[in-house]
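Look at the two complexes coming up: chain A is in both, with chain B in one and chain C in the other.
Here is the complex of A and B:
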């Protein structure tokens, strides 16, 4: 079988970018409603990256981030992350609860963040499923706040069985209020979608952009 | 003194006075072999328990516990380590995310730890200390001068084993 990651075409990368925009767009709308505040979205990036570069991409293995992780099963399989820096996470909680949040996160704050992660990943995947017609069954999302390397490593396990590269589908959203307050440079959060290597064929077939027998 | 870096699914050796380090271990395991006399140390950043999980034959030995440790042993011996003096230490193997009804993939941390122990046993190398399990990320560094294995977590707590 040909390596689905190395043989991906530019057109297919464009298609992945588009489905990421659709998923993140839906999630941004949901977050905007939740916060009653505008949420902006950047054009997604689709990057075939070595595992080491994926970890560097999120600020290095020791960068502390809040991450909601879920596994997708169903017609295609993959890992999905919603990653935000801890300062943004804190502000989000404060916004929702109307109280000051501790630096090491309260139990209440943690569940608020977990809930936001559930809503956002759910919105993203619903849009993805509607657009592709694929049946996607996400696991219950789980939140952890720790080193990025430790958290993202878990999502690379399954992909690691096939090789050392993954296609990182990155959608960045930002909460306008936080950007204006210069709390964060240019971000609120990132959605990372990492399909398992053997899912690309099914995904591209569903989208009508499969490789026609080319190697 | 230099710090030799070990990436995910990678292994390396360090000689005195250098140290060897890997960052952001979650369910992965950082396993080290150390010869206190020649002060040679090797470390592997193991990602998965067994190479039977590999979907093709072209993989890095350091990725799987069963292939990582024999290779690491060779590397350490080549660098001047003496097999009979080697001692092992390891850290990692956490479960970073809490999933209900954890499937096998989610339990990979504890499985990695078990597989490393089994591989060490097969090679006849004594495991002298470990800091494994839990739900925390770890950065680990082995100092060739003393053989001290330093573990640092996200909360900046440190521990020597």
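Here is the complex of A and C:
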């Protein structure tokens, strides 16, 4: 059986990068409306990574992060994560509520993050669905604050079932107001899209690039 | 004579999509560029009637490229085409001289409407 990930061409990787730019760009727009602050976005990265290296890429298994996770179902399947450092998460909550968060997250603070996660993932997926014409149904996003290894492990299990490698599609956003203080050293927030390996072909077919070679 | 268009986007796929829409509707796509730096070079070389310009790109972003192109030709017609549709970004682009702002993902009609309006 051919490995769907190894056969992906450079042109198709470029398509995945653009998918990420469009999804994250729309999500950044939604976030900027919510926060009333400009939100910047970097050019997306598309990385074929070994299963074990994905958590390392996100900052190491023991790094404490806030993560909104959802599964995508419908015409294609995959996992989506929005990952932010806890310090950045606290800043976001303070911006929204106007009150300082204590060391532990308050119930209201948790709810703010949950809602931010809903809005971001919703706008990302809506854009992706409009772009591809595919029906994409998100599961209810779940928010957790824990070590990256614990949080990402669950979502990565699906991928681990069908191969050792996954394609990680990463878009980084940062809120301009926070730049001087926190975002720079903590790397801002990341959208990670991890299509299940058998979804790539459907995705490329939907966009009419299933037969595009790299040379 | 059909209008000469320069397409600027870092994604080859997006360039292909826009080119397809434009070619089918009688426009002449004279060139493509994959970043802002290249866009400015190609603009000088080709003197297109209109440029479609992505914003988030490596090397030089689309807003910086728009400003450079406007320095070369203050009458240059540039339409921004980006997934970053937030107000501050749109205002930035329009103030720098962009004719219109298309948010990705887009419909072919929206692209044609913007181009026809800008050229009209």
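Keep in mind that, in the parts below, the second predicted complex is superposed on the first by the 204 of 215 C-alpha atoms of A that agree within 3 Å, B and C clash if a C-alpha of one lies under 4 Å from a C-alpha of the other, contacts with A are read in each partner's own complex, and residues count from 1 in each chain.
As a working rule, contacts are C-beta pairs under 8 Å (C-beta built on N, C-alpha and C of every residue); 3 or more make two chains touch, one makes a residue touch a chain.
Quantities reported herein were computed from a predicted structural model and do not represent experimental measurements.
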| item | value |
| --- | --- |
| First, second, both or neither for A:17, with chain B first and chain C second | second |
| First, second, both or neither for A:55, with chain B first and chain C second | first |
| Contacts of A:149 with chain B and chain C, given as first, second, both or neither | first |
| Chain C versus chain B, contacts on chain A by residue | B |
| Partner chain in contact with A:28 - chain B first, chain C second, else both or neither | second |
| Which superposed partner A:8 touches (first chain B, second chain C, both, neither) | neither |
| First (chain B), second (chain C), both or neither touched by A:43 | second |
| Chain A positions touched by chain B in one structure and by chain C in the second | none |
| Chain A-touching residues of chain C, taken from the complex the two chains share | 10-14, 56-58, 82-89, 103-105 |
| Residues of chain A that touch chain C when the two form their complex | 11, 14-15, 17-18, 21-26, 28-29, 32-33, 38-39, 41-43, 127, 130-131, 207, 209 |
| Sites on chain A touched by chain B in the complex | 51-52, 55, 60-62, 64, 69, 71, 104, 139-140, 142-151, 153-154, 156-158, 160-164, 197-198 |
| Complex contacts: residues of chain B adjacent to chain A | 7-9, 23-28, 47-48, 53-56, 58-60, 63, 94, 96-100, 105, 108, 135-139, 154-155 |
